[in-house]
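Chain nomenclature is as follows: A, B, C, D and E, assigned in order of appearance, with residue numbering initiated at 1 for each chain independently.
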Amino acid sequence: MESKPKGKLAGFFHFPQGDGLSTDEFIKGLWRENPVLVQVLGMCPTLAVTNSAINAMAMGLATLFVLVMSNILVSSLRNVIPKQVRIATYILIIATFVTVADYVIQAISLDVHKALGAFIPLIVVNCIILGRAEAFASKNGVWASFMDGLGMGVGFTYALLLLGFIREILGSGSLFGISLFADSFQDWVIMILPSGGFFALAGWLLLFNGLKLRKKQAQPEQTREEVLI
Amino acid sequence: MFKKTLHIGTSPHIIGGSSTDQIMRNVVFALLPVAAFAVYTFGLSALLLLITALASCLLTEYFLNRWIDKSSPLSDWSVTITGLLYGLTLPPHLPLWMVFVGGVIAVALGKFIFGGLGYNVFNPALVGRAFIQAAFPVAITTWMAPFLPDRFSHIPGSTLTLPFLKPVYDITSGATPLSLMKFEHHTTDTYNLLMGMTSGSTGETSALLILLGGLYLIARKMMNWRIPVALLGTVYLISTVLHWSNPDIYPGGLFMLFSGGLMLGAVFMATDMVASPITPLGATVYGIIIGIMIYVIRVWGGLPEGVMYAILFGNAVSPHIDNFIRPRVYGTGKQWSKS
Amino acid sequence: MKTESLWFIFLNASLINNFVLAYFLGICPFLGVSGKLSTAFRMGMAVIFVMLISSMAAYGIHAFLIWVDAPFLQLISYIVVIASTVQLVEMFIKRFSPSLFKALGIFLPLITTNCAILGLALFQTNKGYNFIESFVFALGAGIGFTLALVLMAGLREKLDFAEIPLIAKGVALTLLVGGILSLTFMGFAGLGG
Amino acid sequence: MLFDLLKKNPTFRHGIHPPQFKEDTRDKPIRHFPFAPVMIIPLAQHIGKPSVPVVSEGQEVTRGQMLARADGFVSVPMHAPASGVIKKIGRVPSISGKMVPGIFLEPFPGSSQEVLEGKPVKVETSTPEEIINAIQNAGIVGLGGAAFPTHVKLKIPEGKHADTLIINGAECEPYLTTDHRVMLEQAPDIIQGVRYLLKATGAARAIIGIESNKPDAAENLRNHLPPDLPLSVQVVEVKYPQGAEKMLITAILGREVPSGGLPIDVHTVVVNVATTAEIGRLLPHGRGIQERVITITGPGIKKKGNYWIPIGTPLRYILEQAGAEEDIDRVFMGGPMMGTAVSSLDIPITKGTSGIVAFREEEARKKDVKIYPCIHCGACVDACPLFLNPSKLGILAKFKDYHTMASDYNLMDCFECGSCTYVCPSHIPLVQYFRISKLVLRNEKAKAPHV
Amino acid sequence: MTVDTIQPEKKEVGSFKMFQAMVGIGIICALAIVVTYQTTLPVITKNKAEALEKAIYKVLPGAQTRKNFQWDGQKFSEADPSDHSLKDVIYTGLDANGAMVGIAIEARGQGFQDAIQVLYGFDPEKQAIIGFYVLDSRETPGLGDKIVSDAAFQENFKALTARLDESGKKLEHDIQTVKHGTKSKPWEIDAITGATISSKAVGNILNHSAQYWAPIIKAHIDELRTH
C-alpha cells in the first residue's frame, strides 16, 4: 500500500496507466470492501434517502463526488499537512466539498434537494469519507487515491441503488419515478417508511450472507461463521 | 434374572407438570371458540382468511426449518398459535394475498430469524400484523360490518384480490367502536362489545369468548394470569379515573376494556411467554407498562387502536424488566448477610 | 405561523420521529455500541449531554451567520463547532469530574462523527426553532436516541443467547430488530396532536 | 373445623408438589432383612476422608466391631455389619460406577449375629465433647441421604452458638417412608437422641419438623414428649424440598441461611430424625452403626416395604429378596427427586441410602420426552426454593457462560433439588446443567493458582 | 474510527507550520465554496422563486405576479422577493392588471407523522380561503398524504369561510374539520375517510393561521394594496 513519495507532489505526475494496482483499488470498493454491503459503513444516508431510486442515485453521486475530491485533495496535500491537525484538516476539506455538492444539487433540482433534506450536509459525517481520507488517501498517491475514491464511491452508489430499486419498486410501484405497473398495483407502503429501510438493507445482507455461506459450505463450521459480517 | 443394563440418568428421575406442546395445544383450543365465532360473525371471508393465515405460517415454518435442517418444527403447535392469532387480528375481508405475505413475515421475521421457538423477542403474530399495517395501511383499516345477511354465500371481492393488486370493496364497510369513539365521540354499548356485535378485526369482537378462553388457560395454569390482570386493570383504572374527571373527552372504563383488540391482546398476545418477563413481579410491571401505552396511544395518539404497538413495545422492554426485577435470592440481601 | 407546542417538539424528536428509528441518524453507534446495556446507556447519556450543548452552540452560530449573511459557511462552522465542543466538553469533564470522564470518556470522541449531533443542528435550523424550542428539540432527540439504544441493547443481550440461524448473524439481525423497533415506534404517530 | 382448614402449616416459599406415592409403604412396619452371602463395605460411605482399615484379610470379626478407623475429624469409622470373615480388602464397585477402596465380608451362616457392646456414654455425665466423640466413634452420618458426618455439624465453631436444634422429619422425597416409620416405631430412641444432641450443641430447644402428610407420626411423637425436655413437634406443609435443611429452617423459624453459609450462621443445627434415633439407640451401648432402615418400593417391586438392612448388602440381593420384577429398567438409590440411578446391581447400599426405588420400562420411559427450547414460562422460577432464575441459568449454561451464572445469577447457591427440572414443560435438564456448570467452575478454581 | 490512529511523532512540527498549513487549506476551501456559491446562487434563487410562485399561483387562481410583504408587528413593508431568510412574510398575488387577487400565507403545524407545512390563499374581500397547497408533509403514504392530492379534499378550500366577527379581532366561526360527508357549514372542512387525523391537522393549522392573520390583514389591507 505504502507508496514512496519522492517529492512533495510526487503522486501528481505518476499516472501508471493500466497498472494492476490501481485497477485493484477501484475494484475492491465494488465488492470485496464494499462500504455498505461489506463494511456496513455510512448507514445513515444509506437507509434514510433510499426510498426512491432517484434519491439514492443523487445521494450516491454526491457522496462519490465528495469522496473522490477529498481523496484527491488529501492525497496531494498529504505531505504538507502536519500530523497533529490532519483530522481537522480532513473534516474541513470534506465539509467544503459537501457544501459545494449541496449547492450544486440545489441548483440542479430543488425537488431532489428537498427530498434529500439535511442528509446532504450529513455526508460530512459519513464515516466512509473520513475513513478513506485517513486510511488511504493520506498514505497513497493521487492516482491511487482517485481510483480508491472512485471505487468506494461507485460501490456506495450501487449499494444505494440496490436499496433504492427494491424500495421504490415495491413501495411506489415505480422506478426513477416512472410507473412500472398498472394503477391497480398495491404499493407496499412499508418499503418507503423507515422500517422498510431497515428491512431492505437487512434483506440484501441476508442475501449476500447466503451467497457467502454457499461458497464456504465445503469448509468446517468454525470458519463459516467468520466470513459473516 | 435382571436386565444386564439399566438405564441411568441424573436426578430428578420423575417429571411433572405439562409439557410445552401440551401448553401450546391448549392455547389453540382456547382460541378455537374465538375463531368459530369470527367465522359466524364475518362468514366465508373470515374462514378463508383464517385458513390462509394458518397455512402461510405453517408452510413458512416448515420450509424454513427444513432449509436449515431443523427437525419437526410443527409438532410443538407454537406456530399454529401464531397463525391463528395473526389471522384473528386482521380485518375480515383483507385480500388473501396480503394475509399470506403477513404470515410469511410473521414466522420468518418474527420467529425464524431469532432462532425459532423460545427465542422470538417479539410476538411473531404481531410482527406480521405490524408489517401488514405499515405496508397496506388502507386495506387494514377498512372494516366490514358484522352479520351481513349474505356472509355465508358470498365471498367479498376484496378477499379474492389477485396478488399485488389493490383490493376493490364491494361490501358495506363498518366503523369500529374505537374509531367511532375517537373520531365521532360515539361510544358503543358495552353489551354489544361484550357479545361481539360490532365490527372490528376477525377475532377481536367477542370479548366474552376471549375471556373464557383466557380463564380456561389460567385454570389449567398454562398462562401467566398476572399479565392480563395487570394490563386490563391498568387500562380500566386510568380510563375510569379520567372518565370521571371529564366524561366528554375520556371514554369510560368498560368501553375501553371491551372495545378493539384489547381483550385479545391482553389475554392471548401479551401473554406470549417467550417475549414477556419471567418473574411474577416482572410480569405485573410488564402488564402495567402495556396498559399505560395502550391508553396513551388510544386516547392521546393518532391511532384509534394501540394494542399491537403497545405489546410490541412491551416485548422490547421485557429484557430490561427481567434484568432489573429479579427476586431476592434466598439468603442474600441486607438482613441475611453474614455478620 | 407555527402551532407546534414544546411538548409536541419533544415528543416528535423522542418518539414519533425518533432520530434513530425514523431518521436513521446515529445508526453507526446504534449498531456499534448497542451490544451491552451499560455501554449503551452511558453512550446515550453522553449523547444527550453533547446534543444539548451543541444545539445551543448551533443556535448561536446560525444567528451569527444570518447576521453576517454567510449561509454558505453553515456546514463548516457547525462541524467545526461540534468537534471543538466535544473536545472542550471532554477536557472539561476530565478536569472536573474524573469519575464522569471514566464513564463517558471513551464515547466522547466517537460522538464527533455521530451524525445525530450534526443532524440535530441542521434540523433545528431547517425547522426554524427558536432557542427554547431548539433546547427542547435537543433534549427530545437525545432522550429518543438513548431510548432506542437502550431498547436495542436489551434485545441484543437477550439475543446473545439465542440460536440465531447462521445466515442472520451479525449486522443483518441487528437491522431486522431495528426494523421491528421502528415499526413499533410507528404506534406513537399522532401523539401530542 | 373451618378454622382448621384456614390455618396453614408453615412452609417456605416456592417449591413443588410432586405426587407422593407413599401409600404403598407408609403403613408397612420395619422388618429385618436377611444377611447377604457377601457384604461389600466401601471405606468412603460419608463425605470427607475415607476411613482406614484396621483389620486384615482373613480376620474374623464380630458384628459391630470396628473395621476401619476415622481418618481425621471429617471422617467416621466403619463397623462390621455382620459377624463373619474378611475376605478381601481391595476395590469394590460403587454407585458412581468406579471401583473404590473397600472391604468384602462374608458373614458366618447360622451365627446369632449378636452385636458387640462398647463403652456406654451417658447423657447426664458426659461433656459435649465426649458426646461428639462418641457420635463420631459410632460412625454416624446423616442418614437422610447426604451422609455428612453428624459430629462435624454438632461441633459449634468458635464465636458461634446454636439456640435451636431442628430434627428433620419432613421426608419430602416421593416414595420414601423410612423416616415416617422410624418416627412411628422408634419414638423413645428419637427422644433419647435429642437429649444427646441438645447437650452436644448447647441449644436451648429442639423442634421436630414433620410434613403434614404424616399426622400419625406427629401424633406419636407428641405422645412421647417428655415433660422435662424443651422439645416440640411442628407440622409443616407438604412440599418438596421441605426436607432440605435451609427450607426447613425457613419454614419453622422464618430464618434464612445466608448465601454460602451454614445453618449455624442462623444459630440452628439440623439433624435428620433417623440419625437422631440412631444416636439415641447406639450411644447408650457404645455401639457402632451396622444397619439402617431403607424403603424398598417403586412399581418394579413386589414386596414393597421398610426394612432394616445391614450396611454393605448388595443391591442385587436386596432386589431378589424384595421380589423385584425381572424387567426393571431403572433403580434409584434415594428418592426419585435427588437420588442416584445405578448402573449396576452389584453395588452395596451404604449409610446414606434411604430408599431403593425401582421402575419398569413403561414408567421409566415417561422421562425420555422431547426437549423443547426454553419458552420462558416461568414455571422453574416459581418452583425454585432459593428464588434463583433457573431459566436464565439454563440458557447461560447452554451457551457455556459459567462465570456469569455464578457472578450474576447465584449458581453456587443451588443445592440441586431438581424442582426446576421437574416442572419444566420443555423438559430441559436444568439441574443437570447446573451440576456440570458447578463442576466446571470448581475445577477451574482448583486449577487456578492460589493468591 | 479515526481517533485511535494517532501514531508516535517522528519529528516535531512547529506551530507556525501547522498554522501555515491550516490557513493554506482554509484558503483553498474558502475559494471552492465561494466560487460555487456565487455560480449557483442565481440559479438557486431563480428555482426557489419559481417553486414559490408556482405554489402561490396555485392557491391564488388568476394571479400572474406576486409581491412579498414583511410584517414587523406594526405594519407591512414590501420585502425583497429573493430573500428567503425573512420571517413573517406573506405574499400578495396580482392579476394581469396589477389588481390584488388575494394573499398567500404559509402556515405550519403538527400533523400525524411530523409537521405539515402548507400555503393557502386568502381573499380579504370574500373573507375566505380560496386555495390550498401542501408545501411539505411526511404523512402516511396512501392515507394521510391524501391531503396533498385528494380532489374532494381540495374542493374544501375553493371557498372556505374565514370571516371576522364584529370585534374584528377573531374569526366569527372557527375553521373546523368534520367527519367525511357531514360538511354543512361553509367554515367546515370535510375530512378524508381513513385520514381523519391529518385532515384535522390541516383544519387546525388553517384555523390558527387565519385567526392570527385575518385581523392583521383587515386592519392593514391598505398597506398591502398601495404598493
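In this section, a contact is a pair of C-beta atoms (placed from the backbone, for glycine too) under 8 Å apart; a residue touches a chain by one contact, two chains touch by 3 or more.
Quick caveat: nothing in here was measured; it's all calculated off a predicted structure.
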| item | value |
| --- | --- |
| Neighbouring chains shared between chain A and chain D, ordered by label | B, C |
| Lowest number of touching-chain links that must be crossed from chain B to chain D | 1 |
| Identity of the chain that, by mean CA position, is farthest from chain A | D |
| Most centrally placed chain - per-chain CA mean versus overall CA mean | B |
| Farthest chain (mean CA position) relative to chain E | D |
| Pair with more cross-chain C-beta pairs in contact, given C-E and B-E | C-E |
| Distance between chain centroids, defined by C-alpha means - chain C, chain D (Å) | 61 |
| Centre distance in Å when chain A and chain B are each reduced to the mean of their C-alpha atoms | 42 |
| Where chain B and chain C are represented by their mean Cα positions, the distance between them in whole Å | 33 |
| Centre-to-centre distance between chain E and chain A (centres being mean Cα positions), rounded to whole Å | 34 |
| For chain A, residues contacting two or more additional chains | 88, 92, 95-96, 99, 103, 127, 130, 189-190, 193, 195-196, 199 |
| Multi-chain contact residues (two or more partners), chain B | 109, 115-116, 119, 131, 134, 137, 302 |
| Where chain D touches two or more other chains, by residue | 373 |
| Pairs of chains, among all present, that meet the touch criterion | A-B, A-C, A-E, B-C, B-D, B-E, C-D, C-E |
| Residue numbers on chain B that touch chain C, as the complex places them | 68, 109-110, 112-116, 119, 121-122, 127, 130-131, 133-134, 293, 296-297, 300-303, 306, 308-310, 312-313, 316-317, 319-320, 323 |
| Touching residues on chain E, where the partner in the complex is chain A | 1-2, 5-7, 9, 13, 17-18, 21-22, 24-26, 28-29, 32-33, 36-37, 39-41, 43-44, 47-48, 51, 136, 140-142 |
| Complex interface listing, chain C residues touching chain B | 37, 150-151, 154-155, 157-159, 162-166, 168, 173, 176-177, 180-181, 183-184, 186-193 |
| In the complex with chain A, residue positions of chain C that touch it | 21-28, 31, 72, 74-76, 78-80, 83, 113-115, 118-119, 122-123, 126, 166-173, 175-176, 178-180, 182-183, 186 |
| Contacting residues of chain C [partner chain E, same complex] | 1-5, 8, 12, 16-17, 66, 71-73, 76, 109-110, 113, 127-128, 189-190, 192-193 |
